[in-house]
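Data first, discussion second: the structure below is written as C-alpha cells.
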Amino acid sequence: MNHFISVRDVPNPDALVEESIRLKQYPFAHQNLGKNKVLGLIFFNSSLRTRMSITRAAYNLGMQVMALNVSQDSWQLEMEDGSIMNEGTVEHIREAIPVISSYCDILAVRSFPGLKDREQDYKDRLIRSFAALAGIPIINLESATLHPLQSLADLMTIRELQKTDKPKVVLSWAPHVRPLPQSVANSFAEWMIAAKMDLTITHPPGMDLSVKFTGAAPIVHQQENAFEDADFIYVKNWSSFSDYGKFANMPEWMVTQEKLALTKNARLMHCLPVRRNVVIADDVLNSSHSVVIRQAENRLFTAQAVLKKILEATQ
Amino acid sequence: MNHFISVRDVPNPDALVEESIRLKQYPFAHQNLGKNKVLGLIFFNSSLRTRMSITRAAYNLGMQVMALNVSQDSWQLEMEDGSIMNEGTVEHIREAIPVISSYCDILAVRSFPGLKDREQDYKDRLIRSFAALAGIPIINLESATLHPLQSLADLMTIRELQKTDKPKVVLSWAPHVRPLPQSVANSFAEWMIAAKMDLTITHPPGMDLSVKFTGAAPIVHQQENAFEDADFIYVKNWSSFSDYGKFANMPEWMVTQEKLALTKNARLMHCLPVRRNVVIADDVLNSSHSVVIRQAENRLFTAQAVLKKILEATQ
Amino acid sequence: MNHFISVRDVPNPDALVEESIRLKQYPFAHQNLGKNKVLGLIFFNSSLRTRMSITRAAYNLGMQVMALNVSQDSWQLEMEDGSIMNEGTVEHIREAIPVISSYCDILAVRSFPGLKDREQDYKDRLIRSFAALAGIPIINLESATLHPLQSLADLMTIRELQKTDKPKVVLSWAPHVRPLPQSVANSFAEWMIAAKMDLTITHPPGMDLSVKFTGAAPIVHQQENAFEDADFIYVKNWSSFSDYGKFANMPEWMVTQEKLALTKNARLMHCLPVRRNVVIADDVLNSSHSVVIRQAENRLFTAQAVLKKILEATQ
C-alpha cells in the first residue's frame, strides 16, 4: 500500500481488517518497523479521535509523530497555478507540500469541505495534491468527501460482531442542528460495497448522497422499512448532495428504541461525536445494542494496520 | 495508587516525597517502567509549568505523551444525563471519556472553575467524571477546586529545606488584579494537614477558604501576627469562598522584606506565575529567601513520582 | 558550541556545514547522543518549516521534544526590572526562563520583532534574556533581528552547488504585500561575510539594512546591475531599517526569467514561504534554477548539526 486516501488504495479491505484484529491482540509486536520513522499530521481542521488514535498507533509501531495545526488564517495555501499571490494565500502547495514531506516519512492530512461549492469540494483537491506532490505516502484523516480510516474501523467492528455471513447493514440519515459533510457516509457506503455487505441506505427525500459512492445500494425513504431485519444500523447525519450543503432537522428521524425493535436485534453504530437525543436517543446509546465505543477503540488498531502496511511497502 | 485527584488518593504523602527526592537524584533509573505506555494530557485550560513538567516526567520514565488542547468552544462536553443536545455541547462525557481513555494508559486533565456557581464548581464534576468513566488512572492537573501536583512539589520543597521537625508554615493571602481560583490554596492546606505540619492561614476578613480544606488550621486576620516565628511563608492570592468568586486588591497585603523580617528567617514560596510588586515585592523574590524556582523545578520530580506509582500499580 | 544565537557563536561556519552534509548522508548515526535529552521549543510566533525541521532533527538524534505555543495574549512576559505587574504581563522572565529551562536540556525560541520601535527590536532582548537566564543552551529559531538556522541551511545549499571557489552571491530585495522583519536578510549577510563569500546586496533606495550586518558588502540600487555574473540570487523582502518598518511594494523588483538571464546561470534561493508572482515569477520557481526546496530540506540537517554540536559540548 502506498497512499491511503480511499478504499481504492486498498487491494483487500478484509485482509486489512484481519491485520487490525491481530494488532488489537498484539499491539507491540512490530516496534522495530517504525524505528527512525516520523509520521507528520497536518490538521486544516480540528480533530480528537482521529488525532489521538493515529498518534497512539504510530507510537505502538515505534514511530515518532509531529503534528501541525494549520489555522487557515495564518497559513492559507494557494492551490491555483499561475495566480498572483498578493492576497490571503501566503504559500503555494508547490512549495509547501514537498517541503513538509521532506521532514516526514508518512504524512496524514485532515481538511474538511466548505459545503458551498460542490464541484470544488468533490475534486478533493487538497488531499489529491498532497498525494501528487509529496513524494511520500499520504493518509487521509478525513478529506472533503471521504473518511476511510473511520470506515475501516467500522468494517472491523462489523466483522468482530456479525453473526451471519452476509449481515444486513443499514446506513441511516439522522437529524442534526447544522450542515455536516457527506464524507463519513460516502466512505461507509464505498467500503461496505467493497466488502460485499448487504447495504441499504435510508434518508429523507432530498437528503441524498452521490451515486458515485452509493453505487447500486437500495435507497429507502421510509426509515422503518429500511430497519426491518437489519443486523447493523449505522446512524449519521449528512447534508444534501443534490441541493448541495442543505441541511434538515427532522426530529422524527432520530433513532429510538422503538425503531431498533424493528430490527433483527441490530447493533447500533455511529462514528462519534454524537448529539444525544438529537441524533440517537439516550436509551439506545445506553443499551447493549450500542457499539459506538468499540468502533472508536478500533480506530487505533485500524490506523495501526494502515501505518504498518505503508511502512512495510516502503522498506 | 490508582487515581491522583486529591491527597486522599495518597496513602502516605511523605513516602511520595521520598520517592520524588530519589527521582531528583536518579531521574533515568526507571526507563523500562513506561515502555509502550502513553500519557494523555487533556487541557480544558492553558498550562505551562504543569504541561512541561509532567511531559518531561513521562519522558524520563520512557513513556510517550499525547496532548489535546480543548478549546471549550470547539469541543464543549455535555455532563448532564438526559439532556437534548441541540445547542452548544457536541459530545457527551459518556462517549468522550471512554473513547479518549481507550487510546491512553494514564490520562491527566486540567479544568478550571467558572467562579460563578460555587455549588457546581465544588462538585468538581469534570475530574470526578473522568475518574468514574475512564477505566484508566486519572491525574489531576488542576481541577475546579484542587491542584495536588503543586502541593506535592510544595511539600517536597519544605522537606528539602526544613531545619526543625515541625516547621511553622504560613499560608498567606496576597493581592491580585483579578479573581483567581481557590484550588492551589485548598490543596496546599489539605496536604500540609495530611503531612502534620504546623499550618497557620492568614487572609483579610471575607477572603476565606472552605473549612472542608482548612480543617482545624488557625485563621489569622493580621498578616504580621501570622508571620511571627514562621519557617515558611507560602504566598498566594485566591478569591472568596463565602462571597463566592469575589476578589480584592489590598496592596497592604503584598509580601515585603519588612514583613519577612518578622519571621524566623523564613523561606518564601509561591506556585508561580507571580506578579512582581503586586503579590510579592521584587526585593523578596530576588533574595535568598525565595525558593520559588526550586518549587517549580520539583514539579518535575513529583509528577514523575506520581506517574511511577501509578505505573507500578497497573503492572 | 554553547548557544546558537548568531554567527558569532559558531567558531567555524564551514565546519558546521560539513557536519550538516555528513548528517544528510547518515542521519541516524548519532542516536545515542540525544538519549534522555529533551529539546524545548518556545514559540512566541507561529512556525512551520522551522518547527518541523528541528523536531525531526531532534528525533534523528534520539531526543524527545516539548513544544510550547505561547500566545502573547495568554502569557505576556515582563522583561523590565522593577515594574509593578498590575497590567498585561503575568510572569517575569526572571521566573519564567529558569523554570522552563529546568525541564529541558536545550531550549529553542522564536520571537518576531514588533517593527515599531527599532531600538527595542534591535536589542533582541527576549533571546538574549533566555541566554542570560536559562542556564542551558539556547537556539535561535528566529529572533527580532536574526534567523541563523536559515542562514546555515543557505550556506550549506551554496556549498553543495557552487562551481567556483568564490561564487558571486547577490542578496536581492523583492516586493511584498506587508512589512516583514529584516532578520533573514541580516543573518544571510553576516553568514555570507563570515564564510568569505563575494556578497553583493541590491535594494531600492530607502529599503536598506543595518550596516552592523551588511558590513563592507557593496550595496547596489540597480537590481539588473547587481545580477550581472551572479552565481546565486538570494531573494527576500524586508522592511526598511532607516525608515524603520516602512514597506514598499515595487512590482518592478519582482525576480523574473529576464532578470535571471543577466546572471551566470545563477541558482535562485528563497527561505520560503514565497508569494508567487509577487516576490518571484512562476516560471523562475518552476525552472531548474530554483533550489528553494533543497534549501528547505537542508533546514533539517543543519538544525541537526547544531543540536549535535551542542549535545557534544554538554556531555
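Letters A, B and C name the chains as they come in the text, with residue numbers starting at 1 for each one.
Everything that follows uses one rule, which is that a contact is a pair of C-beta atoms (placed from the backbone, for glycine too) under 8 Å apart; a residue touches a chain by one contact, two chains touch by 3 or more.
These numbers were taken from a predicted model, which means no experiment stands behind them.
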Angle of rotation relating chain B to chain C [CA atoms, steps of 5 degrees]: 120
Fraction-based call for chain C against chain A, same above half, different below: different
Chain A and chain C: spacing of chain centres that average the CA atoms, whole Å: 39
Where chain B touches two or more other chains at once, by residue number: none
Residue numbers on chain A that touch chain B, as the complex places them: 27-28, 31, 46, 48-49, 51-53, 55-56, 59-60, 177, 272-278, 282, 285-286, 292-293, 296-297, 300
Footprint of chain B on chain C - complex, ascending: 36, 38, 40, 64, 66, 68, 74-75, 78, 81-87, 89-92, 94-96, 98-100, 102-104
